[in-house]
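Each in structure tokens, the structures are laid out below.
In the two complexes that follow, subunit A is the common piece, with subunit B as its partner first and subunit C second.
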Partner chain A sequence: MNMNALRTNSRWTRARRWLSDMWILWVLIGLMVVMSFLSPVFLTAENLLENVARPASIVAIITIGMTFVITSRGLDLSVGSNAALSSTIGILAVEALHLPVPLGIVLSLIVGLSFGLVNAFFITKIRVAPFIVTLGMLSIGRGLTLAVSGTSFTYGLPDSYRDWGRGSILGLPTPFVILIVLWIVGVYLYSYTRIGLYARSLGSNESSTRRAGINGDAYKTLYYAFIGVLAALAGVLWSARANTISVTTGIGTELDVIAAVIIGGTSLFGGAGSVTGSILGAFALVVLTNGLQLFGINTLVQRIVIGVVIIVALAVGKVRSDRLTQQRGAEAARMASSVG
Partner chain B sequence: MKNIRVYSPVLWAAIVITVVALAVIGCATPPAGAPQVVRETVVVPQTVVIPAEPAAKSGPIVVGYSPPTLEMTDFYKFGELGLQQKAKELGENLVVITKAPSSHQAAEDQLRIVEDFITLGVDYIWIVPISAEAAPPMVKAANEAGIPIIVSHSLEPIEGVDVTAYVGTDFKETGTLVGEWVCDFVKGEGTVAILQGDPGFYNDARVGTAIDVLKSKCPNVKVITGEYTQWDTQKALNSTSALLNANPDIKLIYAPAAPLTLGVVEAVEKAGLTGKVAVVDYDLIPATIKLAKEGKVVAGLGLRPWVYGEETAQVIKDLQDGKQIEKVHNVPGKMSTAAEIDSAYPEWYINYGQ
Partner chain C sequence: MAGAQSVTPTDVLLVEMRGISKSFPGVRALDNVDFELRAGEVHCLLGENGAGKSTLIKILTGVYSPDAGEIRIQGQRIPHLTPHLAQQRGISAIYQDFDLVPSLSIAENVFLGREPLTAYGSVNRDEMRAQTRVLFEGLDIKVNPDALLSSVGVGLQQLTEIVKALSRNSKIVIMDEPTTSLNQVEVQRLFAAVRALKEQNIAVVYISHRMQEVFGIGDRATVLRDGRIVGTEELEELTTEDLVAMMVGRKLQERYYKEVVTPGDTVLELSDITTADYVVRGVSFRLRRGEILGVAGLRRSGFKEVLRVMAGVVPPKTGTVKINDKPVSLLTPRDAIEAGIGYLPEDRKTEGLVLSLAVKNNIVLPILPRLGRWGLTNAGREKETAGHYVRDLEIRTPSMYQETEFLSGGNQQKVIMAKWLASHSQVLLFDEPTQGIDVGAKIEMYKLIARFVREGGALVMVSSEIAELMSICDRILVMRDGKIAGEFEPGTTTEEQVLQVVASSTDTTHE
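Then we have the complex of A and B:
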């Protein structure tokens, strides 16, 4: 076999692999087909933009950061609290300190970044397990939000703030446009830079990575800082969309985000993942909820269906990944022998 | 453990969070137009012996107050406000310890709070259970400790335990009022959407009763229900958006709690249907009253949360004086249209926080 043929074959193989890895895309398409049969309004532009793309984009933004964190064998359970705290501080500063809205948003992002850095500190310097640290920060975040808001309730935010959550750019929901930009950034960082490479490396074998001279702590700090900023951004978009700030913002989000990332193909045990898959996972969950709701399925049944779909998706993903690992091992051996 | 550098970015992070939080707290202006609730954290020695007769105790009367949340709206703070104000009027020296569970679903948290109150040796416990189903263990714990317990919000009797007094509203009655009002408003026909909170008595009474009334009084009205929203604004927004999309003929949406109304109003506004789809609130807190005045909410089932506090203060005063008390203190709800709100509510309540 000559090298050109090998390259073409390799390109085709890569494309096939990508499509195969993106099995969540097929799940999403399948779900959309099923939902469009169940409800005639599912495929309308209004539904897809307002009830699917807008809410799904906000969750999907956090999944980008979570992909890096989980790939590096970490976890962040505090994203929902971070979202609530950051957005509350930002908007209260706009109201109490009369800051311009953009500055208030920047302040939210700084608080989110700080939240992520505190997580990273305890994980990398004190060596506390990410699960424990972020669980603690989940509670601290909610408590701080209550303290900052004085348990008072704020409804009616400035229009220029609300536009971030409910506005549109070129006919697309603003959160969706922001997601597209972040998706490009996320894929680039994950697949084409050391930031992504070291996340996979740390997740696969942390001690070997450190022995190779890579500053694992610095990269982990970067991942938690990144997800901190993204969670804060999501908090801003949520509160802007709902026109209110509340300590309930983002409650339970961590589970939605983790579920989306895992069904999107990222290994919960680290070492491998996909930013695109995570985003598609977030969309799949929202499509499922939206479709069942449009079809008029009882909420309690909805919860059961969603739970079953997540488990089945994960089980299928696990079986597939095991089989692929075997196939690819055999393929690599074949290619090595043919080149030789 | 590695050495921690003084100029660590994390140190800066912690400083940023603290400084910003303190700045925001410090600069936040208190709500105008109403007397302020004073929150006091009182540590009562654990060795305090709870007197069998509260009247025999001298010094401040300590009340442990546990609302289901302090986070969703100001609704439960008004209860505390009424309690403090009425106690002052009655000349009672009251200290209130307020503790709420971590979320509106955390029944175990609220039970733990009641157990903490018992350990602290409070004189009275006043609870607004997160759900009717969560109440019995809390009342039982108070009974076993011999502490009088007042249950608020719902008047549904709790079987098998001894509630000192119920101070609240008959939710089935209010559900009926809403159902009848909605039926009249839509003139007996059309599609009505009803959002839901969480499974349980509160939801069944406010939503289920309204649906039953609509079905019997207005059989031509088509009723559709949304998914359970866990009393959350974001989820109400999503649910309403989907309902409006799937049912373009909706004439009216009933939100069985103020946080849901806020989400419904946002979704209706986003869909460009303000004024075309009527929104009915349950609670009529100042935020939803404001929406009613802006024409975004046509009417609401109004409760008077501060009266819960006032009634509770009176119950405590009567118990302190050794008087016989009524078991049930009904604070009835009332449907009010946007135009009727001014006459139904005091000015300080309407303008609270504005």
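Then we have the complex of A and C:
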């Protein structure tokens, strides 16, 4: 038998495999190198912190939750609407009911959690396809946002609220610091606990997972609740950064989030994924947008370029993973045939 | 081979089932059945499809509850056995479609749902790896516990199931047709693992259609027929013929059926066929009318891929195919069908049939354009054609409108055969024609094959059962590393001689 089959992967092999699986890291670095050559402004601290890290962090926070959801073979299209609805309710409570800011934010997170639980209820108990449930909730969330905010247009939030989106901690944008904390939590949950393990298991073979005595519905509910809270948090950071309630907050965000997760290496068909990859994916998309803006390229063209990049990235990823599968399959075949 | 093991079963009864009966609407699935298991024995469970084997297993694993009778596990009477209770009492079942998760590692699969945790509540991977390795070593196998399940072969996946059962402290392991998708090397490894289980005083219930295996690994056999026990016997005291007779209830003169047909002209000729992935390399042979050609080999030797080339599924990179001396290009399955080649794949359910379609629709699927006109289908002629073949091949189905997924394996195979007869195929490519089909239906299949070649057809069949090839074929080609490594005529060779060429491992360092 081949020696490699006997040895547990050494730390070094694992690190190498991680780096090769983490090709989105190379994509991100490549994009940044290209952008710094093309625009003198790109590689300034001001641009990187304010125009890249700050907005990217807000989207990236949602991708952490989406990684769990997609890995377990689910989908959540309602994150943008959830962000808008939860942040709006929280801010209205602060403005109209004079609720303290921290409580307002907690209220937003609770709304986000409930939003996720509603998704989870229909998906696990009524067994409606996640695509349908969350598409419906996308529409419902947007409608409710309009309904609660009415035509009122609040500009100018309390400073302590605004700081969540506009402030800095140790020179780093607050949303970025929050992202770093959530990244560590996310990686821990995904790679070191049952929560992540069962997401992979459910996404790969749900019936076997259930037969192993695992409460699949409970775990799925956890994933949708988690992404609900994260979407609400992103909504809060968004409004704080914009210094306003906006019913248009997060329109189309679901697509950016899903694109970031998929180009970050999570399989759309479930079973495998990477929290770090998703976050890097979100940054790559923002770097690209930022670069195009710096060149003064028209917004419409930006959307087209981003669309093309997503498709190309996924196509390349698919070809890569097919080749990897083939290689690893061939390895296994060689091992099997050399046994006798 | 029976009794050759160093370990002899003990007399400790792990399971006693007495007077078990179970009925389903319209069917008496089990009628007053007694079944017992001793610690450390391999107990083979035999019977044709529908004899009651799977009902018995489902009662033992707590999936079904019996209408009458009692079950004792390790001496203790258990009135209401549930799947959970059965597992707790040490009963594990390994089914043909494994209960495993492809994207998890071997260790993660073994401990799924029962992961050891660290003090901080995270999954203790080191512990899982170590325990997995120890359990595999108990079966004399070394593995990388981090290997993804999807990256390892079927053989190792099966062993992972066994290890999973061991990690649950199972005392009784039920294996349902465990060798169906294994090659001969993997079968040997499985047998070694089963012997290791015996040494640990575990009882194994072994369900198989393959007599060779039953005698190779079993200590005792229980035969079921029509829901009743025909007998439980020590295998040492039985012959294959005895067992088959017990199963089918009539003494079969032979397990195989073959007619002598004088071969005619060459109908198919392959010259120097190589595929793009080099799984098949420079293969040439001829096939004559009236001939049954067998192809043998280990997995990935290219023996199944040759069939897929001729079926137009895998287009060859180089080389030519001639039908009736005229070169044809087989780039798609359509090309092959038009050239008169019909392919009966190993995986009947996904490749051979459209399971959700009726018998009739499956039969006429390739010839719809011929039966209809102006792009329209012709219901009358479809019905007529399908009806003809349903009667002719004696396909047992309530009607030709029955969805094929509800047919037995043998009858599904007949539907596929009918499809190719209806499209006037002159060459049939048969991949594992009798796999998972019970003994009685096998004979019927052989008779249909014999009739097809008698009437001027030619047939290539691939089988991992050498005995089947030896009994049915006129010629046997053995493939190894994508090339033809030998050609045999069954009349002048022994099974061992063929097996030697099939299994002789090639030394890749000299390539």
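Note that the second predicted complex is superposed on the first by the 319 of 340 C-alpha atoms of A that agree within 3 Å, B and C clash if a C-alpha of one lies under 4 Å from a C-alpha of the other, contacts with A are read in each partner's own complex, and residues count from 1 in each chain.
The rule we apply is simple: a contact is a pair of C-beta atoms (placed from the backbone, for glycine too) under 8 Å apart; a residue touches a chain by one contact, two chains touch by 3 or more.
Source: prediction; values computed, not measured.
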Contacts of A:156 with subunit B and subunit C, given as first, second, both or neither: first
Which partner reaches more residues of subunit A (counting touched residues only), subunit B or subunit C: B
Which superposed partner A:272 touches (first subunit B, second subunit C, both, neither): second
Contacts of A:299 with subunit B and subunit C, given as first, second, both or neither: first
Subunit B versus subunit C as contact partner of A:251, first or second or both or neither: first
First, second, both or neither for A:115, with subunit B first and subunit C second: first
Partner chain(s) touched by A:38 [first = subunit B, second = subunit C, both, neither]: neither
Partner chain(s) touched by A:193 [first = subunit B, second = subunit C, both, neither]: second
Contacts of A:204 with subunit B and subunit C, given as first, second, both or neither: second
Touching residues on subunit B, where the partner in the complex is subunit A: 1-2, 4, 8-10, 12-14, 16-17, 20-21, 23-25, 27-29, 31, 70-74, 77, 102-104, 196, 199, 224, 226-228, 232-234, 237-239, 241-243, 245-246, 259, 262-263, 266, 270-271, 285, 287, 290, 353
Complex contact set, residues of subunit A against subunit B: 39, 41, 44, 46-47, 50-51, 55, 89, 92-93, 95-97, 107, 110-111, 113-118, 120-121, 125-127, 139, 142, 144, 146-148, 150-153, 155-156, 166, 221, 238, 241-244, 246-249, 251, 290, 293-294, 296, 299-300, 302
In the complex with subunit A, residue positions of subunit C that touch it: 99-104, 108, 112-115, 121-123, 129, 142-148, 151-153, 155-156, 185-186, 188-189, 298-300, 503, 505, 508
Complex interface listing, subunit A residues touching subunit C: 1, 4-9, 188, 192-194, 197, 200-201, 203-205, 208-209, 211-214, 270-272, 328-329, 331-333, 335-340
